[in-house]
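Residue numbering begins at 1 within each chain, and the chains themselves are lettered A, B, C and D in the order written.
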Amino acid sequence: MDLGGFPVAEADLAVVDSAPVGRRYHRLLLDSPALSAASRPGQFFHLLCRDGGGNGPYLRRPMSIWRCGAGQRLGFLFHVKGRGTAALAALRPGDRLSAVGPLGQGFRLEPGWRRILILARGVGLATLAPLTEAAAAQGITVQALLSAQAPGDLMAAEFAGASGATVQAVFDSDGSSAVPAVEALLRATFEGPARPDAVFTCGSNRLFLLLQRLAAEYGIPGQIALEQQMGCGLGMCFCCVRQIRAADGGVVNLRVCAEGPVFDLQAALAW
Amino acid sequence: MDLGGFPVAEADLAVVDSAPVGRRYHRLLLDSPALSAASRPGQFFHLLCRDGGGNGPYLRRPMSIWRCGAGQRLGFLFHVKGRGTAALAALRPGDRLSAVGPLGQGFRLEPGWRRILILARGVGLATLAPLTEAAAAQGITVQALLSAQAPGDLMAAEFAGASGATVQAVFDSDGSSAVPAVEALLRATFEGPARPDAVFTCGSNRLFLLLQRLAAEYGIPGQIALEQQMGCGLGMCFCCVRQIRAADGGVVNLRVCAEGPVFDLQAALAW
Amino acid sequence: MVDLSVRIGGLALANPVMPASGTFGPELAQVFDLNRLGALVTKSVTPQYRQGNALPRLCETEAGVLNSIGIPGKGLDHFCTQAMAEWRRFTPPLVVSLSADTVAAFADAAARLAATPGVAAIEANISCPNLEEDGRAFAMHPESAAAAIAAMRAACALPLWAKLSPNTADIAAVARAVEEAGADAVVVANTILGLAIDIERMVPKLGAGMGGFSGPAFKPIALRLVWQCAQAVRIPVIGVGGIATPADAVEFLMAGASAVQVGTASFVSPTALPAVLDGLAAFCARRGFARVSDLTGLALPGRLRPAAE
Amino acid sequence: MVDLSVRIGGLALANPVMPASGTFGPELAQVFDLNRLGALVTKSVTPQYRQGNALPRLCETEAGVLNSIGIPGKGLDHFCTQAMAEWRRFTPPLVVSLSADTVAAFADAAARLAATPGVAAIEANISCPNLEEDGRAFAMHPESAAAAIAAMRAACALPLWAKLSPNTADIAAVARAVEEAGADAVVVANTILGLAIDIERMVPKLGAGMGGFSGPAFKPIALRLVWQCAQAVRIPVIGVGGIATPADAVEFLMAGASAVQVGTASFVSPTALPAVLDGLAAFCARRGFARVSDLTGLALPGRLRPAAE
């Protein structure tokens, strides 16, 4: 795959791995050294969801980059939700997948940071997973708090990969994922010696609101990856807008595919 | 497959054999004892042409019954021509195929006949093939004249099956299929001791006109299987009409799917 | 048990699922029991014999078909004296689709049908796009549509359904016009004019040039037409256009239809009609609707949706 | 070598392939070299800032999409002073799509665009179905369409393209009206009104209710509209609606279009535009056409087709 001088490619990629993860998730690994090397954590691809026989919905589906980097397979980890993701999950090694990307604005890691905290729930961890390795590569320590229904849904291995991130888990099944409990955990971290230089989140409106509130209180910068239904994925159709607070305090509609999917934590409005 | 008291079924059948025949043809065998037993030579099925992944054109495609009968697989033999037949040819054993049928009026064999002649070209032999076994079962001797581009395209085995029909072949490649040559062969047969009680044809306009002319001249009754593009396959949409000469000499539009596909040789008009 | 019955004007139907004119015939009784249907709808009958259009009469498109069959048929007299005998074998109400070239011919034919035992209602096909030059039809304008319906209304007392055309600027205005002219229901909609070209032969794929477009690809348009008509008139709307699955039928009912017709889908699946009927009942049962008629109009603007849902 | 150039009124284009308004932006330069295109077409610019419609703004259907984006944008002043800077980086003629609520606003905006360097032509979007109540638009009737075009014609000397709507009874009449009012070309067509309902939530899938229907499912209708307009006017017709492949583009040219626009297909394949262009050239080469403009109208009634083909 040669990007031919253009930052975004429409590429026909070979599937090298396709496997279910847990009860409701699926992972795909694609062979595309150039696209994988060009991808940044927080960016996404727009995938044409066609099963091996060419069947699937008309529009593409946006999917965060779960694995990327020089020498790595390009990977996606997703919740098998409807017609599009079902077609993706039906792909087998050797099948082809049309991918448009890399797209959007990824996470930003600032040079001075030594420590970040990641708060993820559900499939939001797919979006945040590549941030762990990018941070590790810059010498930034990653502490992650993952929330899941039950231990079987956690996907901690899928999250941390080889990044060496510290992972703490909370569950609905034992009540540890309740907002007050998570708030206590976060306050302890923010007040303790491992206070992070920045926080990142994705995957839960409840946790987003909590983190936004606490990060403001403690004066910690943050970023959030948002989702929105997409048409073009490229910034042309304006169907993927979300309300974002502008610098002047007013609220503007920004395109998740173009200005996002990663936005400033304090600027994002709840959905 | 239980026909449930209705003469025509919409059935989801298992593919048991799917293989190319020669350079341009393909055969399919389906598991459907009840439908196979209910089918008569000259009838057809309306097939939903979806490859293993569900891809294919919107409308069904009509396909003559090539193999049928109690204890036999239901078989089709077809020219891989466009999008529909390509999807059919992509089916693999174990895949499912939706078939509506058996449809239309098949060939009629009259009790007194002892000998029939079949003149077929190209894939027209798929339509006429099951007639050989039906005739044999009634003690009728079958003599067949098959026309093809070259010996490699003949499919004589696909035609005669286990019927014991005598097969003579003519080819474009050696000039033996030219109309005057075939005319000479037919005249010899019609004038000789093996004069047939009836003649049958399918697959070539040129051969149809020749046979129509000679059969009229020698006073031999005949039948022809016609093709026409179809919508419903059941007689409801009137898109499959062909011009047929009525008893009173006038020309009427009859539906290939309902009044046909088999028509009286002298009543059919050239296309 | 879900109550599937619906009333269309004066006519009580056992259920809201029926075939669309021109895509159905007694031949379908070879595949399933037609007595399960809410009503039967004939292909359009014309006053005189018609040969039909040049071949090819049908071509497929992306998820749809174009047709220009041209309403071939033996004419009204043959229908009333011969074809009716076959239709009387079935128990559901028989809706006879009627097409004609002039207002007077519509009225005369309606009177004749009213005098024919076994005809439960007339569906006035004032919208067939193949008949008049360049696809023009009565249903294109409120005035001409109303004139045809008023003349039929005066000529007969049968329930009268007006089948409207998408080939108009303002279908709500046409619906209101035929309601005022005395129609008991509107059937929405007939095919929309379309075209396909064979680029190798450089001619239209249909022998007649343009044709009527139908099938799943047409569904969003037909659904919108139903939604517009349901907000414009008080008489029942019968929805038709691209319905192939139970979910499609539910969409039409929620958009304001009281009953639905299934057309092109029967070509692809001759059991589509009973499948839509069974699936509709299953949907009502699953979502707790006691009557299928409760679905009608649920998605219209300003409608309160059942809280339990 | 096939000559791909075409003339649209006074404007010479290097080739007949361009994007459709609202489905394109400078962002596509991330994927291929936009300078390959015959022209660039902006999303519709409105006199004032517009926020756009409620979410969801897009939903998919069988082989198509419904949209009710609502033409969000920062208004004409921002366009002329800020956005034009980005557009001037590209070499193909820039066609600015213009939408407004009144005849006077159309005229004022046209004058302003004429005074803005780098604007090669105006495409008057008199047909967007989302702006006026119940989807009404200027292009629905010949009179209102002509009024808007005549006012723009009087206000500026730029090439003026009128983008027509399928939501009309007689598009040929609208095309003739805008031709007489001074349009240099007609763009046929904008989206047709459609609807989809979420049967679980019992509300329309789009936030705004109805939306404009586009994509492959819409193609047979758009192709028919082009064919009707090409027979009605002498000014060039630019075909748009469901074009996704080179064969689709050939169909539109043979139906009478002089150029084509690709819209929704770019969402599914952002390289659709160059693929259509390359395939069009390949088709001409294979079939022995020296000029792509030779394809225009080949399938129209009464046209003699090249004997050699």
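In this section, a contact is a pair of C-beta atoms (placed from the backbone, for glycine too) under 8 Å apart; a residue touches a chain by one contact, two chains touch by 3 or more.
Small disclaimer: the values here were computed from a predicted structure and weren't measured.
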Review point. In the chain contact graph, what is the shortest path length, in steps, from chain A to chain D?
Key: 1
Revision key, fill the gap. At the largest C-alpha centroid distance from chain B we find chain A
**Study point:** Distance between chain centroids, defined by C-alpha means - chain C, chain D (Å)
**Key:** 33
Check your understanding: If you average the Cα atoms of chain B and of chain D to get two centres, how far apart are those centres in Å?
Key -> 49
**Study point:** Length of the line joining the C-alpha centres of chain A and chain B, rounded to whole Å
**Key:** 59
Study note, to complete from the structure: By the touch definition above, chain D meets two or more other chains at residues 61-64
**Study point:** Contact footprint of chain D on chain C as seen in their complex
**Key:** 61-64, 66, 134, 140-141, 167-170, 172, 192-197, 199, 202-204, 209-210, 213, 216-221, 223-224, 227-228, 242, 247, 250-251, 254-255, 283, 298-299, 301, 305, 309
Study note, to complete from the structure: chain C residues touching chain B in their complex are 22-25, 27-32, 43, 51-52, 55-58, 60-65, 67, 69, 72, 215, 266-271
Study note, to complete from the structure: The residues of chain A that touch chain D in their complex are 6-10, 48, 57-60, 98, 100, 228-229, 231-239, 241, 253, 258
